[in-house]
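Once you scroll down, you'll see the structures, which are given as structure tokens.
What follows is a pair of complexes built around chain A, which joins chain B in one and chain C in the other.
Showing the complex of A and B:
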């Protein structure tokens, strides 16, 4: 299906909040409570058949909160989706998709350690890439690189400004 | 320590060695043992650790421990401009540097809606395919080495040397090419490149027959790999496994074919698939992919148009407009994708790099469960991954 057709079909289910198509790619947003129900539909529905798990990660939108992005692909139908949801900064918590796609296991562990987003029902959110004793959530915007704490990134300035 | 032994007990004699307790009616009571392989182990191509739970000689559980080479690519990218990111993306997977930089350039170009000159697109395909051959030769050689065959490794490095020499002439780099620029390429191909390139295709095609004789037709090699580590296609897709491993499981998914980027729709090639999804099939698919890449390279030689390699008017500062995109490319080991979020700045707001090796390694627990310990290497070696690409 084309992204527009897919968006139309998914909107009819009532499981999703809004959609957006940009550069020929579809994004669908679900509410936090409808996250798993939406994902189940994407996997099971005969017209969607999202059987391939590409990745799960997040984007720090500062005041708006965290946007969790899960990219899925259907090998049979050959279409993509960016499945998203918005989490408040004060309570970044979401149900796990581990039961639907096996790849979500490591993806959620990574998102947990880098963004501090909790995945309920995952059960094994140990550190994956970082050392066990590491503190903080490095991909949050308020976590500065050590060298940036001392000095602003020089590349931010235009060459003319430096003169 | 001899001094600590009581004088009456001889080494290897009664009272020495392992005590075997016979439990029940002639059954051996076995205790589950934990064995840690790595992080420094020759079969893991870098620093990967696998913690095995062993029941006798059978692997009951396998837990990969990763992160030893984590260098925070995602975070660094948020404080670098796009030219620097191209150089940075070369590093994590040192065996497919060109494929990595290609993905990020395509993503930026898509956001900026840039028109890339024809010649640059064809040259990108040419170098990407040479890079693929370079990568696959490495695994072709090292897989043999892990199973005890030394010669393929030496052959592979002989061929790799020729290709690196060729690519060095064009890009200036032997491993980290940094040949892409947003909008096109750094430089045009040097004079005489196409002749050397087509000579090399012929040479490598001829030499590939050696591997066929040494490994694919080798009785011992087959005994160690056929029906070992079988991966069903459905499981592979669910883990997000891509590239030769997915194709060996019978899924003909290759974004060069299903969603052609550059000009892959204008060349003829096949996506080889395996019938059983075992270690042997994975190796066979890898081998066949080299043949297909050589086919593509020859077609690029014939179709390469003349013209510029970078648009005449390029902005000094690269600032993609606000938006997001996910660009996937079929890299040597599978799908390398970049999820790029821009807020119109010089550096990305968020750049998520999706690497094939990460997903390949996440599948290892499934593949190793129930496998005999001596087959561990035959299975691990066939899950082609680069540790830098796992840890990023």
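Showing the complex of A and C:
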């Protein structure tokens, strides 16, 4: 299905909050409570059939919270979707997708250690990439980089500064 | 170890022993990132460091004389590097290959990268570059062999036992080494 057809079909289910097609790719947002229900539909529905869990990560949007991004692909239908949800900064927790796709296991562990997002029902959120004694969530925007505290970033920070 | 670490041998004997050692460097390849590709290129037929007597792919750290750290060392990997270094028999040498292993390179502000392998193991030769060309490694090896040819094993072992810093390390292409000094108040 094309992204537009897929968006139309998914909006009819009423499980999703918002959609966006950009660069030929479809993004669908679910609410936090509807996260697993939406994922279940994406996997089980015959027209979606997202059988391959590519990866999960998050984006720190500072005041808006954390946006969890989940890339799904259908080997059967050959289409792709970015499945997203927005979490408040004060309480970043979400249900796990481990029960639907086993591939979510390590991805959620990684998202947990790098962004500090708790996945309820995962049950095994040990550190995956960082050393065991590491403290803090390094991919959050408010994480302090000690080297940067000593020496400022020598280059430009924003694309607008490039003239 | 034996006589060589307790007595300064007569010059001809020292020359012969050092000559034997410097042209038979079994190298432990500690390739961690893209620099490892350059290291492998240096070992294959075009650049061919075997003609300098450097033998790639030691069977393990216990059979190696030279450790080449090529690539980005992370804090999680650092204990493994220390372990490999400690398993190597004396006399052993370390080449730090590439910006990442020299000082952290482009990851100077990272939360997970070790800013220089010299924090973990003592380094004899620094090869700068990102990544350095295989020729830079060849030059580093030649400089190391030059150093091995001139050194006295007695002094080397004395320095090791006294846990003193090594002799001034070599930088391929020249240039100073800035050592971070923490000043007491």
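By our rule, the second predicted complex is superposed on the first by the 156 of 163 C-alpha atoms of A that agree within 3 Å, B and C clash if a C-alpha of one lies under 4 Å from a C-alpha of the other, contacts with A are read in each partner's own complex, and residues count from 1 in each chain.
One rule holds for everything that comes next: contacts are C-beta pairs under 8 Å (C-beta built on N, C-alpha and C of every residue); 3 or more make two chains touch, one makes a residue touch a chain.
Values in this document were obtained by computation on a predicted structure and should not be read as measured data.
Enquirer: With the two complexes superposed on chain A, say which partner A:129 touches: chain B (first), chain C (second), both, or neither.
Expert: both
Enquirer: Which of the two partners, first being chain B and second being chain C, lies in contact with A:138: first, second, both, or neither?
Expert: A:138 sits against chain B and chain C alike.
Enquirer: Under the stated touch criterion, which partner chain does A:155 make contact with: chain B (first), chain C (second), both, or neither?
Expert: first
Enquirer: After superposition on the shared chain, which partner residues are touched by A:21: those of chain B (first), chain C (second), both, or neither?
Expert: neither
Enquirer: State whether chain B or chain C is in contact with more residues of chain A in the superposed arrangement.
Expert: B
Enquirer: Pick one for A:54: touches chain B only (first), chain C only (second), both, or neither.
Expert: A:54 contacts chain B only, not chain C.
Enquirer: Residues on chain A in contact with chain B in one complex and with chain C in the other?
Expert: Residues common to the chain A contacts of chain C and of chain B are 129-131, 138, 145, 148, 153, listed in rising order.
Enquirer: Could you list, by residue number, the parts of chain C that touch chain A in their complex?
Expert: Of all residues in chain C, those touching chain A are 75-76, 108-112, 115.
Enquirer: Chain C touches which residues of chain A in the complex?
Expert: Spelled out, the residues of chain A in touch with chain C are 129-131, 134, 138, 143, 145, 147-148, 151, 153.
Enquirer: Using the touch definition from the top, list the residues of chain A that touch chain B in their complex.
Expert: The touching residues are 22-23, 25, 27, 51-55, 57, 59-60, 69, 71, 75, 78, 80, 82, 101-103, 105-106, 114, 127-131, 138-139, 145, 148, 153, 155-156, 158.
Enquirer: Touching residues of chain B toward chain A in the complex: what are they?
Expert: Against chain A, chain B makes touches at 66-67, 70, 72, 74-76, 79-81, 84, 110-111, 234-235, 237-240, 251, 253, 258-259, 317, 323-326, 328, 335, 337, 339, 341, 346-347, 349-350, 352, 354, 358-359, 362-363, 366, 391-392.
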